[in-house]
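What follows is chain A paired twice: with chain B in the first complex and chain C in the second.
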Partner chain A sequence: MDSPSIATTPHELGSSGLPHAHDHPAFMRHHFEDIGQQREAASFGMWVFLLTEIMFFGGLFCAYLIFRNWYHPAFVAGSNTLDITLGTTNTAVLIGSSFTMAMAVYSAEMRRKGQLVLFLVLTILLGGVFLGIKAVEYHQKYVDHHIPGMNFSIQEFVHPTNPKAIPLAPDMAEKTQLYFFLYFAMTGMHALHMIIGIGLLLFMVARASRGAYTAGHVIPVENFGLYWHFVDIVWIFLFPLLYLISRYR
Partner chain B sequence: MTEKTQSTHQDAEVHVVKPPVYLAIFFALLVLTALTTGISFIDLGVFNAVIALAIACLKASLVVLFFMHIHYSSRLLKLTVAAGLFTFMLLISLTMTDYISRAWGMF
Partner chain C sequence: MSTIVSLPDQSTAKLPAKSYLNQEYGLKSWLLTGDHKRIAMLYLFSITFFFVIGGVLAGLIRLELLTPPADLMATDTYNKVFSMHGIIMIFLFLVPSVPATIGNFLIPLMVGARDLAFPKINLLSWYLYMGGGLLVLATMVLGGVDTGWTFTTPLSTHYLNTHVVTAAMGIFLAGFSSIFTGLNFIVTIHRMRCPGMTWFRLPLFVWGHYATSIIMILGTPVLAITLVLVALERTMNIGVFDPSKGGDPLLFQHLFWFYSHPAVYIMILPGMAVISEVISTFSRKRVFGYTAVAFSSVAIAVFGFLVWEHHMFIMGVSQYSALVFSLLTMLVAVPSAIKIFNWSMTLYKGSITFETPMLYAFGFIGLFTIGGLTGIFLATLGMDVHLTETYFIVAHFHFVMVGGMLMAYLAGVHFWWPKMTGRMYPEAISKTAAVITFIGFIVTFFPQFILGYLGMPRRYAAYPADFQVLNVFSTAGASILGIGYLLPMLYLPWSLKYGEIAGDNPWQATGLEWQIQSPPLTENFSEIPIMDHEAYDYEWLANKTHHEVQTVG
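On to the complex of A and B.
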């Protein structure tokens, strides 16, 4: 990690006469007073990044709230085409992956290499299950012609097959495209974050199996945990907004 | 544990959260998920949205406080999270006060 710095003054050479002869772990950077300060700075930096992510997803949530307010009947009709069973299952799967990630941070903290690798792999598997279920849902939307811009059909909304559904006028039925556009934008951005997360997890499994995080250097695991839990929180809000709040009574 | 990370900064003391805490939060999140799905099938008018979002906020708080360790973190990190929430609320509430006064539909 640390590249040997070039000593320029006798003072920096130290008593041993060798450059860089002081007692701190290799992962501690020179500009920090101690490990505690380094961890605090790393967490702070990660949280500042997450704040920009809050504002990024916040813009999408804000757009969803405004258009839902304007075209309420279209959003209710669009929302009811989603599979609530798959949505609830996926929420549980993602919460499970957050739990295994939290346990991975604990394992790194306790310096247990095997346990850390196990929990990282479990997190990858649960993340994969989530994306798989999401792919099944996306495919159903493709089959139903409910992907905006791709042979989108308003048939189901003007002449609903579900007896509980309220038929929409054709102009309002067209607005369901806006619902599905936001559905794909929000869940797609969320899924992209998960794909990036799984890529990072694969990298971390390789490093963890060589003992990189179980000799005191838990910052990478901890900060990745913060990212993964943030992605979980985004889904915690997407789930009620997209699936739940306008079921047919 | 903390013995390897002796710190001169009392705020930066590392607190290792134990598995029973994680397990309890995990089950609480699963119960709340089942609850919010169940309630969505009952007709409560506008309160369907209110309750669903309230449960979502509760779940997010549990994740932030325990999975993300903010409950055990320094005041700097607590303030950082609060700043994020505040800015997000500005985005939502100022936009909505504009729409509510001139082009409000239904929720």
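On to the complex of A and C.
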């Protein structure tokens, strides 16, 4: 019984050394069987990567949960010094950028080049606005001596200038440093992801304006969309956890 | 002794005219390649390089311990030597050993694909690995690090002036290399299987790597963020791990071991994966209980995430949680035992032959069993309080990592050497090397169980004179072991030129990779195969009419 399972006959090879039948789109990579497989592999790969990202942020969230539980008053006090208006604005900006990104994916699918470029640029702009506002907030923290490891002072928490704030005992006030460290680590890691994202977006705008994604090759735009929405969702968790602790007081 | 090796007639045999090795020439064609087989070769060179460095450091450790006082080197130098040994061996050798070389080479072949799903990311992994490796080397040149491979806080963050941050950055990069390897494997195994290749027709090698990849992508990012925190704590004094600021050093332990326990399974599952292939081939039988072995890999990956606290029993964790983790740790030994039993059943009434890979596989089974059983000792709370931080631990993990994984790695390298290079390694000398390794290993590490039980602590340059006899044994064994490792490093390169031509399938093995030419074509298969039989179907192989060597040109 000769098995058909393994190809045994020498195969005609193209000059490149790869078996060629040029009936596939140019963006298909040769090690895939067909474009469907390439598409599935790419988007599956992206989801697996996002899983990795969840675990990466997970370490920080874990630290946050433990310390928030232990030093709740310090976390409340720290949280209340954040500017909620700026935080809320940023949340809106970021959700807006997720919308423009979704529209970019849609435009790529509809093969509308101009529209795609427009929405990618809008996404970059909104991302830039977010980072700008974040920079303003960081600067404010610097002015207030709330940056751990740099110029940290517990003065504001032991003898608050704001009459509504509850003064903390010095040893609890010390713990606000942990809160601020986590604040900077988590928002900083998030901002780093945004910066990388904007870098990729710039690259994609350049390629999109040459029509790279509007001839059927939407996978990169789609996958980047997943990444961008993921970064957005991280913020959706960060915002209440960092800004909204016991705000009702 | 009988043999199953069947080589083509040497007087007429030739290497295939066209293969991945001679598709293109020049350094650039290697450094910019997307071919998983070439990347596997790049890894093979680089991990061997780091293995040699790690090995020299191990030699220095054993030399220092030949005599009771700390006489060969200053005690802080000794600390640096064993730390660098651990870091290099674990992160730069054992973690990538089987997956990045043999796995990289074989997974596409075994699932019937032309390459991994993302060839460029695969190459990126290698560059990340090299970046990590260079940073670790830089650490060493700059003066080393002396935290141990575990980076224990607050020691690593507050009390040392060595290059913790550089080493941590190196491990961070190497970590991302293994994340990307895992990601590539998972996507390839899900999406690139050839027609007819159902999940339960996959060779067990692929299942083992699938489980490994799960750990890589879920565990490694936690290590990465932990190392970032250590670096921040050290440079900016931010306090997460510092009790004086309200931080918690135990948090570091939890985060570190959340990765590093599963990581020990990164360092054994691919080895087990190799052993399944070797045992089946050299006993001419389908692996007994295929499904059980396949699922036990996944079970190990899943349970492996639930036992990390057994490294922290004496660190002031709650007694109740210690009880739970003790129990869970014993449970994780069950799937490992399932594998051992199934391999033994595979051997039972098989037509066993004793080629080199099989000798290493036997070594693996014996040594891993001892290593695993002593793991149960350590999982037992009362026992662990006595044994922890002694040489018993050192012996335990060397039995599983060196006796287990390194043996499996060598089994795999020998087993697939003909496929990778087209030539056989010299059989007689390699059998000798396998036996030398086994003997050297036992003489080196068995005395350490006794030393540990008697109370000799790990990580000290000096020890009481009573312990000297056993330490001399251990150092003597290490010298034998060194010869055992040196031999393959000599005869394998030799065989590249002078080895016998292997032909497609020297072992008469059933895997898809054996049905194509050796060394394979760059595109692996000239036509994507269709899988129409189960894995390890020796009847299928016997019935297959002898077909021509699939060479081109």
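Here is the rule we go by: the second predicted complex is superposed on the first by the 227 of 249 C-alpha atoms of A that agree within 3 Å, B and C clash if a C-alpha of one lies under 4 Å from a C-alpha of the other, contacts with A are read in each partner's own complex, and residues count from 1 in each chain.
Please note the rule applied: a contact is a pair of C-beta atoms (placed from the backbone, for glycine too) under 8 Å apart; a residue touches a chain by one contact, two chains touch by 3 or more.
Note that the structure is predicted; figures quoted are calculated from it, not measured.
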Which of chain B and chain C A:Leu226 touches, first, second, both or neither: first
Looking at the overlay, does A:Leu131 come into contact with chain B only (first), chain C only (second), both, or neither? neither
Quick check on the superposed pair: does A:Arg68 touch chain B, chain C, both, or neither? Answer first, second, both or neither. first
First (chain B), second (chain C), both or neither: which does A:Glu40 touch? both
One more residue to check, A:Phe49. First (chain B), second (chain C), both or neither? second
Would you check which partner chain A:Glu174 touches, where first means chain B only, second means chain C only, and both and neither mean what they say? second
Looking at the overlay, does A:His31 come into contact with chain B only (first), chain C only (second), both, or neither? second
Once the structures are superposed on A, label A:Ile84 by its partner contacts, choosing first (chain B), second (chain C), both or neither. first
Who does A:Gly149 touch here: chain B (first), chain C (second), both, or neither? second
Where on chain A do the contacts from chain B and from chain C line up? 33, 37, 40, 44, 48, 51, 55, 58-59, 62, 66, 70-71
Spell out the residues on chain B that touch chain A in their complex, using ranges where they run on. 1, 4-9, 11-14, 16-19, 22-23, 25-26, 29-30, 33-34, 36-37, 40-41, 43, 48-49, 52-53, 55-56, 59-60, 63-64, 66-68, 73-74, 76-77, 80-81, 83-85, 87-88, 91-92, 95-96, 99, 103-107
Any idea which chain C residues touch chain A in the complex? 18, 23, 113-115, 117-119, 179, 183-184, 186-188, 190-192, 196, 217-222, 224-226, 229, 232, 235-240, 245-248, 251, 254-255, 512, 515-516, 521-523, 525-533, 540, 543-545, 547-548, 550-552
Which chain A residues qualify as touching chain B in the complex? 33-37, 39-40, 43-44, 47-48, 50-51, 54-55, 58-59, 61-62, 65-66, 68-72, 84, 88, 91-92, 95-96, 98-99, 101-103, 106, 109-110, 216, 225-226, 229-230, 232-233, 236-237, 239-241, 243-247, 249
If we count contacts the way the header does, which residues on chain A are in touch with chain C in the complex? 1-11, 13, 17-19, 29-33, 37, 40-41, 44-45, 48-49, 51-53, 55-60, 62-63, 66-67, 70-71, 148-150, 174-175, 177-178, 181-182, 185
